[in-house]
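Each of the two complexes below includes subunit A, the first together with subunit B, the second together with subunit C.
Then we have the complex of A and B:
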């Protein structure tokens, strides 16, 4: 490792512009003639539209256009789709209700877009939006996950009778029932994983520009995957063919999944730009973000875990209802199925698993992937029930887990996943030691003297990252392949541009991807630039989510670097009159091994471009591209331990200590990995303690601002104790597993296990607010 | 935000005149409540009359134990006033725990009490301190000034000029913040001057700030936290919302009251 190579704590190259306010976000973009959009959104959770009168609004000052869904349809713009096909256990395809980008006849959640207004200023657009007169006939509403399937529940979509989108199974039901028949102990639990609002610091925004001269569209958008956006906008929504549509995702201020999806707004602004003849910009305000960004989680689950007389797990049964909201967002169907139930084996050798998932419609914002996407839900179910089982069996929660660990790899679980590598004892041991688990009871006693209830909780999670082998996800219903592309361009003077289909929106790719080339050629990191986020620059890519940029995106870069290195060596061998096999590239020099014959790196690059003296038949230039399609998922895992003190008088929980021991495989930049873990933990702890989404019975979102929706603040979090162990991932060239979501996946069960240990009441739902904890304490009295 | 006309008044009289002339005017102080409401298009005043440059509304004066805080004094200025901290640390500490630094640097005591948010901190202090609210037209005791939720005795053209009180022997304020907004979900201000004990509660009452008379009586006989064990805080008249039920608020009121008393009992001053 050099000072800037793989494994080095290189400071983030992008931070200079971010912390000096020089980042360039979508809202910073401005083009001549640009106008502003406002959306008229439904104030009702469920209603029939009986009339839309735009005449008054059209006459308002500054108004350029007031457009409706009927006009959108007339222009052939398609409905929004969910791009992952799930089949119910009876073999029928999922029941997808129509989602018109602008509602034409029915609105199904508060915030559903109905009309777009374009005006000279944002204020004028909003004034005119208020003047749009929409008549509604209100319909009955269903909001709660648990009520969606009730007999007689209000029906959202004619395509999905009883609001049931799919009724999906995984695992072997018969074998699992058989395993339970022989059980010595069965632990049963009802588990709720509440709904979260992602709340990236930058709200969603878009700027749609139609160029009539070229019949060409440009879309600036807050996206985690501009190429997927272009593909979907082009192939499914009929905005324009790909060669006539450029999508740019410039600096993006956080996504956490919520910026993966193609929402109505960017599509409508592109269309509205052509319709009105002006570039159209829209920036969500915070309330719109709350109402109309895809939310996360929202599961209710019943789980049963069977043990033999030696406390070995025999089987696991899980039944989950997943609330997908009012419409199926782009990847919504994959989250509670293949990203959830395939992880239910956790770190344990479980011979038989059966899970059933029913996905339902309700009159709430659409739900889709949010940091962890399905995996936090799985680890929450499994790690809550493991801790509960240990309490029932009166054994150490740590030792019950250890007893059931998988130790032989590869390991085929009963739920599709084939774990390639891991060492769960190592992360458990590291965490137990760091947390001084053995000394806990003493600390509990000491806290009791101060009137505090102290508790400790574990979570041994596994997750699947690096999504994913294209053929595998294709066979499971994905509409796209999940490879990644890269191109390495060595310029004539040896500086390097790396083009990647991954997208950085906080992750630090401009630093970590550059470290790969520094490591390879020994050139300074400042001579390397990362290019991403623009479909005109990078040919194709699948974007950033599911902790895939390291495992998949970097692997593509490595493949391209291999090709560049091979060509550079050929050129050098020719120039140095040596054998290609003897050439090595080190510290910015290209040498003949064991001799003093060498060329500086830039001269090899220059030779490639002057082409005065290349090996015969070789093309000039030094630029190579690669596509990398993973052969397996990667499996980060680890152990999180949370220690809390609860004030019994107020129900306030203080996290005294949080230890995270994670196995991410190879680490490229430990500082950035720690940052990812810190952020993930903040979100996981936020879910566990603070973040609750409340709709009232009429479907109004009560928590639609930061005055009511509690985001984690620094004061809510302890100083984290994070560490990594390393079992390299065997399926990719760098041995990377991924670290972006682990914090959010592992931490919620650790926190709740700690609180329930402290208050001696296992009946506690997230978020464990002071009120919730106080209620649980009263109930246990 | 809808369009509005901004005026900067130089005197109380000018402010009152501008208000009288305005079609639907609003006084503006720190703007921490008014501006967000306007941004959300929930308020649309035709005119904003900024009070912050009016000399007569500025500053804190302490004479002996008599305190006068001008209406446009920011929470930050109250929280950092050393003279005030010497005689009434409870109020400087209260001001130092309002919202966040941005809010404290802009928000004012006049704006806070004019708004009379049921979860605001100052109303409990003013009622417990038996403060006087001085306006452009009159002086009235705090307990008459606060009328109900977001409701005060202020007439449309009336301007708060200052707040006056005599510092008690001892006082303490304990606040249980709403986890999201950090406003009070239950805040209890206890003031003790000789045998005169006043306990006022904010954040919890259905009608805004109120005095906890049972606690005052119990503490008059025995000024210690345990004196409050026996009092009953009735949930009936307390707020209940998604953040806290009335039962929970009743519990918090009692716990905060006990902690305030404990702080006073353990403090030299």
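Then we have the complex of A and C:
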């Protein structure tokens, strides 16, 4: 490991612009003639549109255009789609209701876009939006996940009778029933995983520019995957052919999943730019983000876990209702199915599993992937029920888990996943030691003397990152491949540009991807630039989500580096009159091993471009590309331990200590990996303690601002104790597993297990606010 | 329309603004100082914090017209003669930023926090003082470290504050 190579704590190259205010986010973009958009959104959760009067609005000061869904449809712009096909257990395809980017006849949630107004200034656009007169005939509303399937519940889409999108099964029901028949003990639980709002601090924004001279569109957008955006906008929504559409995701202020999807607004702004003849910018305000960004989670589950007389797990049964909101967002169907139920085996050797998932429509904002996407829901079910089982069986929660750990790899679970590597004892041991688990009861007693209820909770999670290979995900219904691309361009004086289809919105790719080339060639990290986020620069890519940039994106870079290295060695061997096999590249020099013959790196690069003296038949230049399609998912796993003190008088929970021991395989930059874990933990602890999304019975979102929705703040969180173990992943060249979501996946059950341990009442729903905890304490008395 | 006269980052600037224009929009849209960000509409997130006459202020809580006559420092004006401010250095060295969107506000708030605590800071005080700044990426762990680090270094006089 060099000081800037793989494994080094290299400070971030991208920081300079962010700490000096020189970051360039979508809202910072400005083009000549640019105008501003405001959307008129439905104030009703469910209503028929009986009239849209835009005449007054059109006459307002500064107004350039007021456009409706009817005009959008007339121009051939398509409905929004869900890109992952799920088949119900009876073989029928999922029932996708039509989602018009601008509603024309029916609105189905508060925030559903109906009209776009374009005006000279943002203020004028909003004033005019207020003047648009839409008549509604209100319809009955269904909001609650548990009520969507009730007989007589209001119906959202004619395509989906009973609001049922799919009724999907995984695992062997018969075998699982058989396993339960022989059980010595069965633990049963009802588990709610509430709805969350992702809330990246940069609100979504887009700038659509139509160039009539070239018949070409440019879309600046807050996207985690600009190439997928271009593909979908082009192939499915008919905005423009790909060669006439450039999508740029510049600096993006956090995503957490919410910026994966193609929403109505960017599509409409592109279309509106052509329609009005001016560049159109839209920036969400925070309340719009709450209303119209895709939300996360929202499951209700019944789970049963069967044990034999030696406390070994025999089987797991899970029934889940997943609320997908009013429309199916881009990847919504994959989240409660292949990203959820396939992880229900956790770290445990479970011979039989059966899960049933029913996805439903309700009059709420669409639900899609949010940090962890399905895996937090799975780990919450399994780790809550494991802790509960340990309490019922009166055994140590740590030892019950350990007894059931998988220790032989590869391990085929009953729910598709084939775990390739792991060492669950190692992360458990590391966490138990760091948390001084053995000394807990003494601390509990000491806290009791101060009148505090102290508790400790574990969570041993597994997750799956870098969804792949493409052929496998295709067979499961994915509409896209899940490979990644890279191109390594060595310039004539030896500086390097790496183009990647991954997208950084906080993950630090400009540093970590450069570390790979530094490691390979020994050139200074400052001579390497990372290019991403622009479809005119990078040909194609699948973007960043599901903790895939390391395992998949970096692997593509490694493949391209291999090719560059091979060609550079051929050139050097020719120049140095040596055998190619004897050439080594190290510390910025290209040498003949065991001799004093060498060339500086830049001379080899220069030779490639002068082409005066290349091996016979070799093409000039030093630039190679690669597409990498992994052979399997990667499986990060770990153990999180949370220790809390609850004040019985107020119900306030304080996290005294939070330990996270994670196995991410090979780590490229420990500083960045730790930062990813910190952020994930904050979101997971936020879910456990603070964040609750509340719709009232009429479908009004009561928590639609930072004054109502409790975001974790510095004073709500402790400093974290994080550490890693390393079991290299065998299915990619670097041995990387992925670290972006682990914190959010492992932490919620650890927190709730700790609080329920403290208050001696296992019946507690997230978020564990002081009121909720206080009520639970009273109920246990 | 209101006439707005400000002294921003060491330069006198004059402009016109609608009466309802917030200081943050005047800075971003009229002056092109896009380092100050807007992350909410309720003065909760703190991405828009600047210094008005030396004190940290959420620039979304103030009208541009109301600020007229004030001396403003934005993130672009922090530091001196090409040198980074010790807090900017501390944020980078402690990996206290990821997506960077909340960072300008965090840094401007922290500069003011350190100014108001010349005898130094502890973790609990820093966490309480950051109440008005929301970060979704870092879990605050490294932000707290960075503020303590900068406070320590500035207090010891190892680096002169801007």
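In this text, the second predicted complex is superposed on the first by the 781 of 781 C-alpha atoms of A that agree within 3 Å, B and C clash if a C-alpha of one lies under 4 Å from a C-alpha of the other, contacts with A are read in each partner's own complex, and residues count from 1 in each chain.
Throughout what follows, a contact is a pair of C-beta atoms (placed from the backbone, for glycine too) under 8 Å apart; a residue touches a chain by one contact, two chains touch by 3 or more.
Only a predicted model underlies this, so the values are computations on that prediction, with no experimental measurement involved.
Undergrad: In the superposed arrangement, does A:672 touch subunit B (first), subunit C (second), both or neither?
TA: In the superposition, A:672 contacts subunit C only.
Undergrad: Would you mind checking which one, subunit B or subunit C, touches more residues on subunit A?
TA: C
Undergrad: With both complexes superposed on chain A, which partner does A:123 reach: first (subunit B), second (subunit C), both or neither?
TA: In the superposed model, A:123 contacts both subunit B and subunit C.
Undergrad: By the touch definition at the top of the document, which applies to A:662: first (subunit B), second (subunit C), both, or neither?
TA: Neither partner.
Undergrad: So, does A:203 touch the first partner subunit B, the second partner subunit C, both, or neither?
TA: second
Undergrad: For A:769, decide between first (touching subunit B), second (touching subunit C), both and neither.
TA: In the superposition, A:769 contacts subunit B only.
Undergrad: After lining up the shared chain so the two structures overlap, which partner does A:463 touch, if you call subunit B first and subunit C second: first, second, both or neither?
TA: It touches nothing on subunit B or subunit C.
Undergrad: So, A:714: does it touch subunit B (first), subunit C (second), both, or neither?
TA: Touch partner of A:714: subunit C, not subunit B.
Undergrad: Once the complexes are superposed, what residues of subunit A are shared between the subunit B interface and the subunit C interface?
TA: Dual-contact residues (subunit A): 123, 287, 706-707, 711.
Undergrad: Which stretch or stretches of subunit A touch subunit B in the complex?
TA: So the residues of subunit A touching subunit B come out as 123, 126-127, 130, 287, 649-651, 690, 692, 694, 702-703, 706-711, 769-771, 774-775.
Undergrad: Would you mind writing out the residues of subunit C in touch with subunit A in their complex?
TA: 18, 20, 28, 33-42, 44-45, 47, 74-76, 78-79, 84, 88, 91-93, 95, 97-104, 107, 123, 126-128, 130-131, 133-144
Undergrad: Considering only the defined contacts, which subunit A positions touch subunit C in the complex?
TA: Its residues touching subunit C are 11-12, 14-25, 27-28, 121, 123, 199-203, 251-254, 256, 283, 285-287, 505-508, 671-672, 674-675, 678-683, 705-707, 711-715, 717, 719-720, 743.
Undergrad: Provide the residue numbers of subunit B that touch subunit A in the complex, in ascending order.
TA: Interface residues on subunit B, with respect to subunit A: 1-3, 40-41, 176, 179-181, 242-245, 248, 251-252, 255.
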